[in-house]
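Before anything else, here's the structure in question.
Chain lettering (A, B and C) follows the sequence in which the chains are written, and residue indices restart at 1 in each chain.
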Amino acid sequence: MNKRGGVKGNLKRALLDMAPERELPLSHLLPSLTGRSAKRGHRMRPLSRLIWPLLALLISAWPYVSSGDRVPPKQDVILATTTSTQDSGLLDVLLPVFQKSTGVLVKTIAVGSGQALALGARGEVDVLLVHSPREELKFMEAGFGARRRLVMYNDFVLAGPKGDPAGVRDARSVEEAFRKVADGGFLFISRGDLSGTHVLETELWKKANVNPHGNRWYQESGQGMGQTLLIASEKGAYTLSDRGTYLALASKLALEICFQGAEELRNIYHVIEVNCSRFDRVNCQGARLLADFLVSREAQRMIRDFGVDRFGTPLFFPAATEQEK
Amino acid sequence: MVIEESPVLEVEGLVVRRGRFRLQIRRLELFQGEILAVVGPNGSGKTTLLMSLGLLLKPEEGRVKLCGKLTSGLATPLELRRKVVMVFQKPLLLNGTVLENVSLGLRLRGIRGKRSDEQALVALEKLGIAHLKRRHVKGLSGGEAQRVSLARALAVEPEVLLLDEPFSSLDPPSKDRLLEDLDRLLHATGTTAIMTTHDRLDAMSICDKVAVMCEGEILQMGPTSEVVHRPLHPFVAEFLDLRKTKERLTGLLASKG
Amino acid sequence: MELIVEGMKRGIGLLLRGDREVVEVVLLTLQVSGTATLLSLFFGVGIGALVGLRQFPGRTFFLSIVNTAMGLPPVVVGLFVTLLLWRSGPLGALGLLYTPTAMILAQAIIATPIIAGISVAAFQSLSQELRLQILSLGARRRQLVWLLIKEARLQLLAAVMAGFGGVVSEVGASMMVGGNIRGCTRVLTTATVMETAKGNFELAIALSVILLLLAYAVTVALTSLQQRGHKW
């Protein structure tokens, strides 16, 4: 808190310096107010009046007092991952186990893959758990990442309005499926946020030789997967989604899976440790510990079992032992 | 044997500027126990003079000495500054009860609790409004509020009391009553006081000395009777002339029987 | 409609049961917004006294900046604070990003102009002569300021309520500088947005209800403080 006081205190002093006592027409009638520091806690105030501010201070200080396992910032690891990964709930299962065994606090921020990579490229985060392979390779080539390892995979599905008006189901390839949507001018909602999902979607449009931009049927939500699915459901549109988020929301959606299973729809997750020789504030040790944990047998087992009880099928497939394709 | 008494308030070569207005006082002296009336038309600088003497203004030139010590407006050491209290034209009471208001000056000086209440009560009694002590200020009449304001000033027993047009917001009967009470009070406690007013009759009835102001200067100052009967300036003569008032009063009494 | 009712029931249920995560989030909300409001009160009323009680060159200009800042978009504040606190930023060495402290800082920046703007008006509305009268009665400067604060209590407390209301309800800055990290920087607003995005509407409504109750409780306390002893 002192640091803040310092910055603002200087501002305060600057303000006071800005207004010296001058002999302006009315100014010599007005008291000059300097030395505000004595404003509070004045002996004239009866004790009862102090109760409210004291109470307020107490309430605001409580969490600091109550939490026992606070780790000093140096040991925190900042993990940037995607909203879909976090929303799946997988990390809520994995991270506590990690934290208990290593004592390292993981701060997870859920942003799009695009933002995660951008943050990593600035050294603002320590570890990335993302699923945007092409961008990841660029990232590694630029030297921002120290190590990149495969963690797990699942797949994307093309969801659409019940009844599949575009007849996407009959497509023989992903490109054909996309072309059917475009040719028929069926509403398509894109993430539009440079997330892993969005980047894949862009690649698929390219493969299908279609430029969807500028068309009335192509809309960008700029939001997370869950939101985008809900929008698609509301509007009766098609959208590309990871299976996990789709399953989690299925009961609330008026959509159905129209196309799935193609090779291109594979969704591969890697863990990248940010290059600490490049940025001096990155927590190397913590990053390595976390990355090692994610590919460890224990974690991989948890990944394999995750979601089975809720959805009947696992949401992710452990892949740490598999080779890169 | 002549005892050299030094004036309680002493002003020399005072110049105060306020916008286009300029107050200029060459010399002013006030001794312990004297009550001075400062009279003059509106805009003649009465309030400005009072504020300078109340140490709320710092003069551009000249000196104001209180109890023999040099002052410098609000920068005057607190101990000295607290010897003079000014009461403004409007009561300017703070939110709260009458007692809270009257004991304000005492509390500012570190006197609290029972002691301040007692001293405040004494002041209230002097002004005959002790019965109002628990009343909230919002329910007071103009006259009552003005008395509270005065009690507030008297409670701290100042060396010098400055009153800026204390009767201007009062109706004539209230004014007469307050005038009487003040007269008695000030003379009883021997407080040195300066009162501004544009009503010469007020001035002349309770004040020992009178100063007539016009356009930022004191035209004449001296014992009341002297100034009234031997005016040195036509303006003074005209301002203090009560003949017309006397004629009107006589005429009125005659016609109404 | 029934979604709202269900949500309300769930919200109250969560509170009564003392659900650990919810309680954590509520307390953090109180702590962050409460501290931010206290800080803003200090600086805001200070600026109010400085600007509202005296004349100085450039005063109107300065005041117009303060008044404009009252409407600063919280998201913009969040972005700028993030830039400051980034590891690569000027204050990066402090390691404050994604901590409650950063959220308090951002919220204080949002609330201070609000409180300051209203305070300036509050102090300015006090008569000049009142100040002189109080000084004449022998007040030290800080005694004067304290008395004026008491005189302007109605408006000043309104300012505090406006400041608190503004920050307890904001989500943009809190999300950006806090990161909505579970058990660390998750407050009611960011949690509500997250649950909505996940499609958990009932939970989102429950959290909103809790937030409203919280804001109401604090405001009731402040309002009674404001109105205490006011004579009609």
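Heads up, the rule we're going with is that contacts are C-beta pairs under 8 Å (C-beta built on N, C-alpha and C of every residue); 3 or more make two chains touch, one makes a residue touch a chain.
All figures in this text were calculated on a predicted structure; none of them were measured in a lab.
Colleague: Counting C-beta pairs in contact, which two chains come out on top?
Modeller: Pair with the most C-beta pairs in contact: A-C.
Colleague: On a CA-centroid basis, which chain has its centre farthest from chain C's?
Modeller: The chain lying farthest from chain C is B.
Colleague: So the centre of each chain is just the mean of its C-alpha atoms; given that, what is the distance between chain A and chain C in Å?
Modeller: Measuring from centre to centre gives 26 Å for this pair.
Colleague: So what's the Cα centroid distance for chain B and chain C, whole Å?
Modeller: Roughly 47 Å, centre to centre.
Colleague: Could you work out how far the Cα centre of chain A sits from that of chain B, in whole Å?
Modeller: Computed value for the inter-centroid distance: 73 Å.
Colleague: Which positions in chain A touch two or more other chains at once?
Modeller: Answer for chain A, listing residues that touch two or more other chains: 26, 29, 31-32, 44.
Colleague: Can you list the chain B residues in contact with two or more other chains?
Modeller: 51, 56, 74, 108, in rising order.
Colleague: Mind pulling the chain C residues that touch 2 or more other chains?
Modeller: 132, 135, 143
Colleague: Can you tell me which positions in chain B touch chain C when the two form their complex?
Modeller: It is residues 51, 54, 56, 74, 78, 81-82, 84-88, 90, 92, 94-96, 104-105, 108-109, 136, 138-139, 152-153, 156 of chain B that touch chain C.
Colleague: Could you list, by residue number, the parts of chain A that touch chain C in their complex?
Modeller: Counting only chain A, the residues touching chain C are 1, 3-4, 8, 12, 15-16, 18-19, 22, 24, 26-27, 29-36, 38-40, 42, 44-45, 52-53, 56-57, 59-64, 73-74, 78, 83, 87, 92, 105, 107-110, 122-124, 223-224, 226-227, 229-230, 248-249, 252, 279, 281-282.
Colleague: Spell out the part of chain C that touches chain A in their complex, as residue ranges.
Modeller: Going through chain C, the ones touching chain A are 24, 27-28, 30-31, 34-35, 38-39, 42-43, 46-47, 49-50, 53-59, 86-88, 92-95, 97-101, 105, 108, 128, 131-132, 135, 141-146, 179-182, 184, 196-199, 201, 221, 225.
Colleague: Give the list of chain C residues in touch with chain B in this complex.
Modeller: Residue list for chain C touching chain B: 127, 129-130, 132-140, 143, 147, 150-151, 153, 229-231.
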